[in-house]
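Some structures to go through are shown next.
You will see subunit A twice below: alongside subunit B first, and alongside subunit C after that.
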Partner chain A sequence: MFSYYLRLAWLSLKQTPVISALMVLAMAIGIGAAGTSLTVHYTMSHNPMAHKNDQLYAVQLKAHHDDYDGGTSDELDLQLTYPDADNINRMSTPQRSTAMIRAGFSIKPDDPQLHPFMATGRATGRDFFGMFEVPFLYGAPWSTAVDTLAEPVTVISRALNDKLFGGENSVGQTIEASNHLYTVVGVIDDFHPQPLFYDLNNGAFHEPEEMFVPFSLLPVNKIEAFGNRNGWKSENLQSYDDWLRSEMYWVQYWVELETPAQKADFEQELAGYIKQQRQLGRMPSDTAFASLKNVQQWLDYNGVVSEDNRILLALSFLFLLVCMVNMIGLLLAKFLRRAAHTGVRRALGASQRQIFAQHLVEVSLIGVLGGGLGSVFALVGLAGLRQLYPYYDQLARMDITMLITVLLLSLLAAIIAGLLPAWRVGRTHPAHYLKSQ
Partner chain B sequence: MFELRPILSALLRSKSAPLLIIAQLALTLAVIANAAFIVQERLTTLNRDSGVTESELLSFTVIEMDTQGDLMPQRRRDEQLLRQIPGVISASATNQIPLSNSGSSSTVSSLPDDQGNSVNVGYYMGNESLFDTLGISLVAGRAFNPTDISVDSTMGTRPDQALISQYTADILFPDESALGKLVYMQNHPIEVIGIMDTLQSPWPHRQDSYASAIIPVETPMFIARFMVRVEADAMDSVLNAVSDVLLADNPDRVITGIRPFAETRDRAYRNDTAMAVLLSVVIVLLLAVTAFGIVGLASYSVSQRQKQIGTRRALGATRLMVLRHFLIENAMICSAGVLLGSFGAIGLNQFLMQNYELSRLPLGYLLVSLTGLVLLGQLSVAAPAYRASTISPAIATRSV
Partner chain C sequence: MLTMDNIGKVFRTDLIETHALRGFNLNVQQGEFVAVTGPSGSGKTTFLNIAGLLENATSGKYYLDGEEISMLTDRERSLLRNEKIGFIFQGYNLLPDLNLFDNVDVPLRYRGFKAAERKRRIEEALEQVGLSARMKHLPSQLSGGQQQRVAIARALAGSPRFLLADEPTGNLDSLMARQVMELLETINQNGTTIIMVTHDAEQAARAARNIHIVDGQVCDLALLNQPRPSQISPIRSAAEA
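== the complex of A and B ==
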């Protein structure tokens, strides 16, 4: 029966080529617009750590007085002070934890003919690689001992390894970066979490850093932060050591807590820490508190999905709605014009239900054709987006899930649009049409 | 004259087609009025004047390998070397570049202890040449002399004097001239010696984007920004020369981000440009879809009413009267659609205002979009209406 209806639908579309083409085109344009913004939204709202969402937490502390506002929904700053990060590093509860800063290194190639170049960097703890499941091509993370002994070692990205060592296993080689020598202990394989959830301060969609060094090297090599540094207190900072002692917010902190019980323990430990610091004269606010946010909360808190994207998503779905209303009108016109034909089929014994089904099949065919063309339009739209936003290169790509979603969306939209016209034509009284011929 | 009543009663005989057009027009109006408004807001934002002589400026970043040494001698030499490149008018080391989204800012208040009026000010640091390099103009007071300049070898900034932008002055001292007044940065008093007409901070999307100051302090930070003002025809040659000249003097550093100011501006407003383009595309496509819809339904309604039209023609109606019938009918439907759509547009605007940073939709946008849609309706119906007018009266006598 279905294939018969399908054949009828195809014949019917061919009978009115212009109006059919208009319907397919309108549906395709609507689906193209909705599919484009939906794809971007889908990639933007992706949680790359969904499988560990309830184990990874960003840590924040209110070390400031009540007049300061970190510019977030709970007025906390996104980062910690160095003394707090250093103290939390010593806490016992978390299985794994890491303090980190965004850095940058000017790397001097061995070849004197080549100019120094910048590599993005991150000073972090050994646990970074385990917590965030960083795959290794060569070598391994530095040892736990390095996190306290501050040895000048580094883990580099595959791209930097290609650039400096031609892709060879570079473990044991040295790199001169910002006037210090670092020994390579590991090379990272492909690692591109998008959004780059662990540091969203300077944009959420960019590549991970190229050079990772131990956080314990901060006081030794005086590694400068390339990220944000916010102050709430008037302090006279004369030297790098002053920075380390200061109340400036510039260090990021993540912990891994495996169970809710462990999380509760850690929260208690932090509460105790705040109490102790207040007794020591720090943390002037009576409401000083600590906050743990899991990955999804952290992505939402940082507003990773841009406001523009939400507006575009809303408007593009309204657009699709217009296309659907448009299609209802055209379908009504088309179906009712053929009412005489339907009347004959009814007179020959087709039930209302069968007429309804037959027309829904026709509508679905339009939906599938529109969806197919719409997917092409969405691909064109995404290519256009990549031109407009260079950093959308990773974002504006359609995967198979998205493609299927777009096709289903089109089918669904067409069926919804077809319900009323198909019902109307199904109710046709055969006698009414038969007599006029 | 316009036979509104018979047209209306003819219209009411089959309601679903007109109702669908009304719904479609209402939705279309709601979307395009708001989209056009957002486009206009973005275009206004991205065309704002930064206050500097953009066409003559280029900028780049120098990152020294040695992050802790005394970098002041090198920095002064770099400025000298840049000024010797043919075509360069002025060159200055500073801490930030307008519209670059990266730099230093601090709260500045009109009274000590964070009292009085205050605003977050993006501050530019540099020697006396910076003022000429940026090419800004003064409204009052004077620019810096070489004797005003100090070197800040620490990371705490403690200037004694500053130039502030008119925008900053208006916030701090709304009722009087700020010239000669003291302002406070982290409780440190600073004398306002000059007021600049316009100078935008590095953050084009901050609310107080125009709150800016220049302080006469040179900083030997390991990262320095350089701004170079060149003769207009020398832009390309200077862009090419910068890296070689500076690295020839000292190769132990990285020179990056060499770009004309026009590119800095493009980058700063890239999202706004993209949003404006995307929404314009949405508007055009939406109008096209709506126009197709009207053509389709009007054609259908004409073919449905062939006999009635033929009968009217046979009873003496002129072709013009038939044409007019369909135009007026369409105008009635469209008016109902845009009336409903006006509420939709205002509702959508309210929703966007509550959830996002968007201002109130000015009535002008609504009126223009509304008129445009009615005109689009008339244009779309023109062809089917013309076809209706060509229906021969003889059709009335044919068949039943």
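== the complex of A and C ==
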């Protein structure tokens, strides 16, 4: 009967084009608004490493004096000091771990046609690529030895490779960056985790870096951090080495722990480390402690999904509700206006349930049409957001999952809106209308 | 096969209570052609609605083919209505958006027939009323008499045992009305029981049996319960013989 009901639904829409168009439009506007904010919320709340959520952990320490307010709810510092990162790097428990900072490099191309330019960069460890499943187009991550020997090698992004080497395999080529030569050992393929969970200090939504160099090069090439730096202690920092020795927080640290047992062992190792450091006169607080947060906890902790976004989402769904109420009114008017036809169908043997189903199929069709048009509205809305706010460039993009979600949302909203009118028309007393036709 | 035993029907509003039928008794046998007459507001249409399972009686018992219908669910009543009862209305009640083929198709859809079976029945029914050449026309493209013939085809397509007609010629001129009556008589001669509500005494006289309703009651019970031998249709007589 579904195909029969669908045909009747289409006929019904054609018979009342204005009221049908109004209903489709009402649904489309509601879905357009809800779809736009839902897409932004979906991107914001997305966990790009959900499949490894309980294996990847951000490492935090409370290393500051009790008088210092780090601004976090649990008194932990968002980043580590270089000495702590360097020391944790030497711990044995994690199978994979990496310290890292966001950096920037002034690139001087070999091609005289190209002007020097700035490239975003990251000083990190070899494990970064394995832990975060970075795909490679050419070459591979640098060797484990590089992480200790501090060789000037680099892994570059596909975009930078296209720019400097015309997309050719550039492994073995050199790049002059911030007055140092780096040998390319790998070119990564498309890698766009959103949010950029591994470093939320510089905003959660932007492109990953173009150039990755070994973290071990920090003391050698004196690579500056391009991110937030905080400190609790008054220190006279004159040189780069002063920075490396300081109590400033500027290094992110991630570990991969495959089992709860490994996690427990590592937490114990961190506790031992804190105890040792306090004996050495660092970490003045009696309540100094360490914490590991998995990816989702890290995203929540850093408030990637803002309260504004949640409010906007709620408001857009409220607006969708208003559109649905509007649609209920239009549906009631439409269905009850043709109650006489329903009466005929009832007289000819249609049960209440069949009349209900027939009308639900009709509202479903309106929902699908409204969803299709609403998706277009949402795409236009997202394009508008991208135009207005550069910050939304990565956020305001609808993928196939969201497109299907928006269509299903529209279908669901239409069915909910159609329940009452379909039930009402199904309950009409056939005898009341047969004489009046 | 259609028995109403002490049927009552009361319509209630906040202010008044209207007894449309009271103590209504009737027995209709297979193959009868019964005309129901009576003044306006006497309860003719209410009787027809109850007989056609479109309304419930307030009191009394109604048996259709021996089955007491007051306890049936909506689905069971709808199924019974679809299988056993065909309706013809004064205003034809064709669905204006559907062509003749699709109008006749409506009850067959609810019966759940396969497409080939539906097509065969629709074509046969439209052939029977002489409209097979116009099955793709919309009702608005037909005259009143033709529309009523489509309504008859629709009622017949499901092979019902009962045909309930409410003023079937009320909107037609005399020529059209005669054609429709002749069609109904042919249908009745083929074995279908017809109960026809009419204001027209001439048409009522063409039926084998007359029931007169006044104030919600059958006027002369003595006339009702036993059909006269001459009222039994030739087909039924032949079958009984």
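Just so we're on the same page, the second predicted complex is superposed on the first by the 423 of 437 C-alpha atoms of A that agree within 3 Å, B and C clash if a C-alpha of one lies under 4 Å from a C-alpha of the other, contacts with A are read in each partner's own complex, and residues count from 1 in each chain.
Following the convention adopted for this analysis, a residue touches a chain if its C-beta (ideal position, glycine included) is under 8 Å from a C-beta of that chain, and two chains touch if they have at least 3 such contacts.
Predicted model only: the values in this text are computed from it and were never measured.
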Touched partner set for A:Ala85, first subunit B, second subunit C, both or neither: neither
First (subunit B), second (subunit C), both or neither touched by A:Tyr4: second
First (subunit B), second (subunit C), both or neither touched by A:Val213: neither
First, second, both or neither for A:Gln352, with subunit B first and subunit C second: second
Touched partner set for A:Trp243, first subunit B, second subunit C, both or neither: first
First, second, both or neither for A:Ala58, with subunit B first and subunit C second: neither
Partner chain(s) touched by A:Met118 [first = subunit B, second = subunit C, both, neither]: first
Touched partner set for A:Glu235, first subunit B, second subunit C, both or neither: first
Interfacial residue positions of subunit B with respect to subunit A in the complex: 16-17, 20-21, 23-24, 27-28, 30-31, 34-35, 38, 63-68, 114, 154-156, 186-187, 222-223, 243, 247, 251-254, 256, 270-271, 273-275, 277-279, 282, 285-286, 288-290, 292-293, 296-297, 299-301, 303-304, 348, 352, 355-357, 400
Contact footprint of subunit C on subunit A as seen in their complex: 1, 4, 11-12, 15, 340-341, 343-354, 429-431, 434-435, 437
Footprint of subunit B on subunit A - complex, ascending: 19, 22, 25-26, 29-30, 33, 67, 104, 106, 108, 115-118, 178-179, 222, 224, 234-240, 242-243, 306-308, 310-312, 314-316, 318-319, 321-323, 325-326, 328-330, 332-334, 336-337, 385, 388-390, 424, 436
Subunit C residues within the subunit A interface of the complex: 45, 49, 52, 54-55, 74-75, 78-79, 81-83, 87, 89-95, 97-98, 106-107, 109-111, 154, 158, 166
